[in-house]
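Per-chain residue numbering starts at 1, and chain names A, B and C are given in the order in which the chains are listed.
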């Protein structure tokens, strides 16, 4: 039985109980990942050497790793290190993420529950999503100030839409038999929402969380690119201005790692919370 | 739904820890806090003479502490000044004059010109057959983007030389910074129309260029000004004069020993140092990128002291963009210039020369 | 207990067509009766059940439950769906207690529900989740849930259709035991002629769409019925044969 999902959303692909792998399986995965990284670095180094790529376009991996180390091998509060910018970016992204998620779930829920709200709001939601946020970023900076406010707003704006759409679709796709069950029991609208609809939509909501976190990070970085006082985006701009390409790449690597860590965190949170989803039935 | 409360509490704690870590340290001093806003993504090296007063201690001795803010867009500066988010900001005439002509500019006033005309040039590869602007006929000229002032200025220069900018040359958008240099280096364009510090960046990246001799008649515009709200200048005359003074002092310091100025700037913004160079090399290289710009600190007008504003220049700026502005006086003031130049010049020069890099 | 007079139901599809699911149904089910409804797919038997459950409204006719007209879901009615429709995020116990936690809350019946779970062989599985249980056990839990409010009527829509034959037989026997112990009024919809004759006091045969009552067979087989004895009873064979031929005539098919 499948929920009536739209083809907008990623359907959860995991079907095996991958939690209970033995040590052997995990070690294999880690070795494979490390092997992949080694191969990638090797190809990178080879490309730089054979194609005689100038330093200011693509530095060799050695330099990038040095730049990475230079930013990490400093006291936590050092002005030249990556820690302070990372903390600023992550903090703002997380706050924006939380705001966007709460608003997205609330909005998606209201739109799923009350068709008039859906009719009125849905076109605006899509229209807004299509707008290039880079274009409205200066406006946001003017409204929300030159500090963290505009970063958080940007992150929240970008995180909002996937959460809203996923929540909406997940709630609308609640199985009819489950809704019948609650009607037969004369459950109130709120009880039905709380006990059946919201948990039913949980897999979609978690898929939305994954996307929303990525978008929140992106939004924060975009806001930092356009004028902020601190953050990894600012560090990238500073490095670009000084043509410190190795530092730019080091920052990108850091961002990638941050993205992966957040993704894994959400997956873990998901497995603990909706342990019942996608289990094979006997 | 079985929301795990422990997960929520842990994330709350983590959030609190991050907040404590990421909080910008409050500047705990008794000095007056002065905020200077720049309508760019970054307070780059072009603001060297405005900012190094802070690490050199000039500002503290004058009784204030200077904090630089990047505001993202040029128009944001005006709004920030108007709202009082910043005390001083960069005024670029090409952005301010159109607003002023429409009556939409907030009541702000230029009080010190920290960078004078003329900063544009056309560069070619060292082995290029192009020897002068006249040889640009039929060639491809690169500009960073069509919205940059480089483009209309270069067109005007060509026009003055009898070269039709629409028919006799073709224009290619090549992006900013090193990207533009690469376009020239790789032959995507025959010549690059850009400005002094931009060229400096490209040179620092190792790309060789030769500059065409400047024609005699160029639109003498492109100066940059420090601005503040009119009422702020009136009510805080001493502070504004002090700020202007620190800029003049810093300008002399840099002119006396450019790498020393660069070194001070890099102390303030270590992230802008070229990577994998020791501090001395970084200072020298950074100073090199600015070698043309620092010559524009001094007023090119006879009788006008450093920082002084000539109304004719503002008139030229307005004329260049075809604006009819009857009265430019509300836009500027020279009331602070004498006090700004009132310091021991020799002492500053000696201080700069004595500085080891 | 349940009285239907000339009940009809017509649906409107999104394209505007009218689908007549039920043509006039007249049926009376007494208190404590076990009535089975057999019919081909799409004959409207599920529709009829939904009407009694109060999930849909009849387009025409009278429908009363315990003397009052059916206007919506009633607390005197427990419903069991083909899919056990247990909520996967609740434990078996939480699922069974669900009717006591929503709508009309009745925490005082908790103990009775626990007893029910134990009696149906689910003792010890209260804290397990539905995905940990077999289909048959899930359906048992669904039955306990349907009985939580101690309703007078149980409506069952092909409750054992998804189970394998052996489990299905076992569930039939268990259902019969429950009914004999509680004497609820049961209306059970099924595709299986054998099941309907085994379980019911009456078997109502419905025609293909639009559904009409083709026949109403009293089942006078002795109780308790067992799978090792009853299917050999000549009366059982006669009834199943008659019902089958009625169904074939109704659909115009001969096997």
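Going forward, a residue touches a chain if its C-beta (ideal position, glycine included) is under 8 Å from a C-beta of that chain, and two chains touch if they have at least 3 such contacts.
On a predicted model such as this, the values are computed, not experimentally measured, just so you know.
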Maximum centroid distance from chain A, chain identifier (CA atoms): C
Central chain of the complex, centres being mean CA coordinates: A
Chain pair that, of all pairs, has the most C-beta pairs in contact: A-B
Chain A and chain B: spacing of chain centres that average the CA atoms, whole Å: 36
Centre-of-Cα separation between chain C and chain A, whole angstrom: 47
Averaged-CA centre spacing for the pair chain C and chain B, given as whole angstrom: 82
Sequence positions of chain C contacting 2 or more other chains: 89
Of all residues in chain A, the ones touching two or more other chains: 199, 202, 274-275
Chain B, residues touching no fewer than two other chains: 1-2
Residues of chain C touching chain A in the complex: 50, 53-55, 72-73, 75, 77-79, 81, 83, 85, 87-89, 98-99, 101-104, 129-135
Residues on chain B engaged by chain A in the complex (per definition of touch): 1-4, 7, 15, 18-19, 21-22, 24, 37, 40-42, 44, 69-73, 75-76, 79-80, 85, 177-178, 182, 201, 204-206, 269-276
List of chain A residues in touch with chain C within their complex: 1, 175, 177-178, 180-188, 191-192, 195-196, 199, 202, 274-277, 279-282
Sites on chain A touched by chain B in the complex: 54-57, 63, 66-67, 70, 76-77, 79-80, 83-84, 87-88, 90-91, 94-95, 137-138, 141-142, 145-146, 198-199, 202, 225-230, 234-235, 237-244, 246-247, 269, 272-275
